[in-house]
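Have a look at these structures, which come just after this line.
In what follows, chain A forms one complex with chain B and a second complex with chain C.
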Partner chain A sequence: MKTVDSIEVVVAAIEDVTPLIKRFTLRKISGGLLPPFSGGCHVTVVMRGGERTFRNPYSLLGSPRNLDSYEIAVRRDDQGRGGSLFMHQLVTVGTRLEISHPINLFPLSKLARKQILIAGGVGITPVLAMIDDLSAGPIDWELHYSFRGTEHACFGTWLSKRHGDRVRLYDTAAGQRIDFATLVGQQPLGTHLYVCGPSQMTVEAFESARAAGWPESHLHTEQFAPPPVGVAFEVHLAKSEQTVQVSAEQSLLEALEAAGIDAPYLCRSGACGRCELNVVELDGELIHNDHWLTAEDRISGRKIMPCVSRAKCKRLVLDW
Partner chain B sequence: MLVPDVKSRPQYQQLRFDPSGRFHLFVGQGDGGLALLRVRPELPESAEIRVIYTGESLTGCDLSEELAGCGWRQLKVLTTQVAALQMLDEVLEQSLMGTRLYVAGSEGFIGAAEQVAARYNLQSDELQREHQGSSARRVFCVHCQTSQDDVTTNIVLCRGCGRHLLVRDHYSRRLAAFMGGMADAEVPGCLPELREGFG
Partner chain C sequence: METAFKPDESFRAPFHYGNSPAAIRRFPFPFDQDTFMYSVNVEPHLPGPGGSCYEFPIDIDEHYVAECREREIALATTTHRYLALPHMMAAQWDVLELITSHLSRDYPEHFELQRDGNRWRWINRPLGRDDTFTFGDPATLPQEPLEYITRQTQGDWCVLDQRNGNLWLDAGMVTTQADWSLNFDLGMNFREWHGPVPLAPELGVFDRALKLLMNLQLGNPVRRLNWTMTINPRFDTSPEQYPVWGPDRAGVTLDNVGDLAHLRVELQALWRLPRSNAIVFSIRGFLMSLREMVTIPKWGRRMHRVLRDLHPALVAYKGLGRYRDTALAWLADYDDGTATPPGTQPE
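After this line comes the complex of A and B, so read on.
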């Protein structure tokens, strides 16, 4: 059984949004409408490179009311693992790609009285679709968007034109910073805060909010970080009696996939919990990089999230 | 049938000061005043605290005077539950993120206060509830949608449609009431034994 259905799409347009960010428009190869989605959704794009297959999650930034096409934005990372370079250098108009169904791990609270959206750089992508949802509804909202340099202001300028005062722009190259402490200090009850940007931005925003007494249930974030690299190790699958080598730059999940194993996953960033696997045996220690397992789970050493976590060991045995 | 461990059945805890909050609003009704008197010594002097209390209750437990005597900076005593809930609404309207709400009283009062809090999107990590006093239930008739307060028996005559209702353990937070369904629908007139269930 396939755990994740995919959709065959073709790249219909590519546009340079900033010197580093390209926007890709994807249409269904078979024609017709793509599945519905809501603001905050992402799809996983399968990129079959020469030796490696990348599966990178990208937020859908187009309007949830337009299902003729999906739009994603990809920031080129020359030091990255290669997924973004694949998209920038090898994908052209007409390229066929495989994507997952949209999944929302960063949904807007439907019962909020006010929504505060905070975005940094390419973190604006899920927020664009969220704003499209919000601008059609009755809930008060505002966006604080931080970016570096005027050439990166593209999305911000466009949003400012459409939504006026609700959108505040901060150019960090001009020394402009979001004053989080002031922002979170005077918000009405029932306000929710959404942060999508560099991890330092999320930390700063959430620390300010907590210091002002905000509870966790009103704080939301999403970050697609690549799985951290480590040391190579061997994984043995107890039930299916297979042995797979995980290289230093490969995630455990990627190694399983490369060996043809249909392991479950959704977010590929340690947030959703879908890929959780049980550990049977280990001759070293687990390196947990996820946001899913509880402190007790970690202490028990019986569970691992293969999308971002790995082991420092010779041999890891999983219950699969 | 009365089924124990129904998931919707409200769980209550003892009120405890939550230092992660910036503003603290205590709301008490009747016997719930006992909870307020108990937590009073634990509260830091520097904390921003408001109290709303009403002595109106089924048990007749009115602790207004005791509460007035323990030095709250901002205490409002109201004569009725309706007035206390109205005041809660007004205070929440003006409140900022960082507020913690603490409610103590009968099950019916807590439910009604939670309905007010829900309008301001307060979630479980911003709201504590302590049950004190009567366990009488507010019952919602699933047939005619009339609610009635202070039900203490397992079977109750609906004042809306006259059906005999079996009071179930299924609780609706939205309606702040237990569901009541016709008790003798299968065999008219054949009712379970009437018991005092939630006095």
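After this line comes the complex of A and C, so read on.
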């Protein structure tokens, strides 16, 4: 199903938050208020850079109560596929960008009795807006934020000043670590846990919680893992009778888009399930990098999530 | 479109209801071919042609004033028609914003919304309302926000919370339903409240529909049509009111079926809500008697064929058993066997 409309924005301010993270303030080109959103939302930013168009998801970190502008934070990744470098090097105040409407794949539970937020590094971004929602409500909450070195502590210090004891900071460069087992072992029933950070952090937090008997429905995470690079392959679209080459550093979805194919997508991180495509034929193997397909789906070899997954083959035929 | 409201219409005995020729032509006839089976018939809720019921995201038509009064009667004479669980308050304000901003933008001759920060003034001319309140503060409205604003709309509204990989029916205003109960379904998830529907689960319809709705995006609403038949132009066909409307079906004869039997179409639209991440599901009912329908020859022919070939499980589920043969006998006079072009349009 086609996306109806995106939002045209202009970069109103750029600020260095840490040596690696820049914060961008975006305003509507036509003026006026941006759509309301909730803590945990992201927008997909479309970056048209010469030959390649990047579409990267970034969390909205500003207050959901301030709709004059949106704020996103971008961590520079010199080894990445180029989206973050585009934002760091080519985007200036006055640059026009296209963004999607806000999407929330990391919402706060409305039924929680207590909310525990865990963030690592740039994973703090969605949590900032979630805290803004929480601090306006009656539910008890706390944040445990881990980062490497005081020069990366900017968001943490700011939060600490604003919210006092609710915010606990851990500088891993100083050997401070979150003790997950103790943390999850002393919470009241009805507590929900939200983790946004490196995948190792999520695994550790969730395993501790499971070991302490927490239900799965109370564990939440969001990971924006960019699509991994691989080897080039060819994809043939059975219905539309087109053939598309996927290069090594391109995702299957990006290759389809570059060929002018209007394939569906939402999170671009293998989490939401929107881009699922059916495999008709394959002369090799599928490399699944998503969090969506079930073990059964993977064994069947009949489904692929083109936003992060690819194939190791000469030719992949899709039902599209 | 200049809408002349018909405030004297009545959707309960003594009935007084009819569609103008223009209202018949804009009726959302649901059958695009001569047979019907369930499918995931969901499409983007995009603006349709001027004057059609799809022109604006929330449609107001000649029955608006009378349907709002019908809702007041249902709320005053029955219970548990408006229900909202406590965690749905943010979603309630989202719905109030959605309805007031769309109606004031699309029907400026009837509705006006003035926003000064959180200080809002809402003017509803057809219903003679002029209210000022503080957005976000329920104490400044005469009812909870969802109840307040849906009393000023046609059709039912359900608000669905999204959590644990499912959708939960946690609030709603439901006074014009086709034999289901908000009071019974409140708090159920998507699979639970669709439990009674035959055939569709086996077709995988609900799995696909749930997946699609969980990914519904802000700014990209979707819609679908649903249908059934109702004897008399009656909107309140709730299970709780069955003693009132159930016996109607026993009085259908070949002489009166053209006027008593109505096709009831629900234009169902779904929006993602911004502050709550909930989904609002609007169920807007349209009623048209068979006699009105056959003024569009294509629709008369098609209705005859759809009803004739309808799967027995659907005949039972939609409650058509007692009068289907009578309706078919009446409709047969309007089906000369000629082909009907594909599509739902009148010609």
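Points to keep in mind about this one:
Going forward, the second predicted complex is superposed on the first by the 317 of 320 C-alpha atoms of A that agree within 3 Å, B and C clash if a C-alpha of one lies under 4 Å from a C-alpha of the other, contacts with A are read in each partner's own complex, and residues count from 1 in each chain.
Convention: contacts are C-beta pairs under 8 Å (C-beta built on N, C-alpha and C of every residue); 3 or more make two chains touch, one makes a residue touch a chain.
What you see is a predicted model, and the numbers here were worked out from it, not measured in a lab.
Overlap between chain B and chain C is detected when the two structures are superposed via chain A. In the superposed model, A:E241 lies in contact with neither chain B nor chain C. Contacts of A:D165 after superposition on the shared chain: neither chain B nor chain C is touched. When the two structures are aligned on the shared chain, A:G213 is found in touch with chain B, with no touch to chain C.
Of the two partner chains placed by superposition, only chain B is touched by A:L189; chain C is not. In the overlay built on the shared chain, the residue A:S109 is in contact with chain B and with chain C.
By the document's definition of touching, neither partner reaches A:E51: not chain B, not chain C. By the touch criterion defined above, A:E296 reaches neither chain B nor chain C. On chain A, the patch touched by chain B and the patch touched by chain C overlap at residues 109, 111, 217. Those residues of chain A that touch chain B in the shared complex are 109, 111-113, 184-192, 209-210, 212-218.
Residue ranges of chain B in contact with chain A, taken from their complex: 20-23, 92, 95-100, 118, 120-126. Across the complex, chain A meets chain C through its residues 1-5, 35-38, 40, 64, 100-104, 107, 109-111, 217, 266, 272-274. Across the complex, chain C meets chain A through its residues 42-44, 46, 87-88, 90, 94, 97, 161-164, 211-212, 214-215, 217-220, 222, 274-277.
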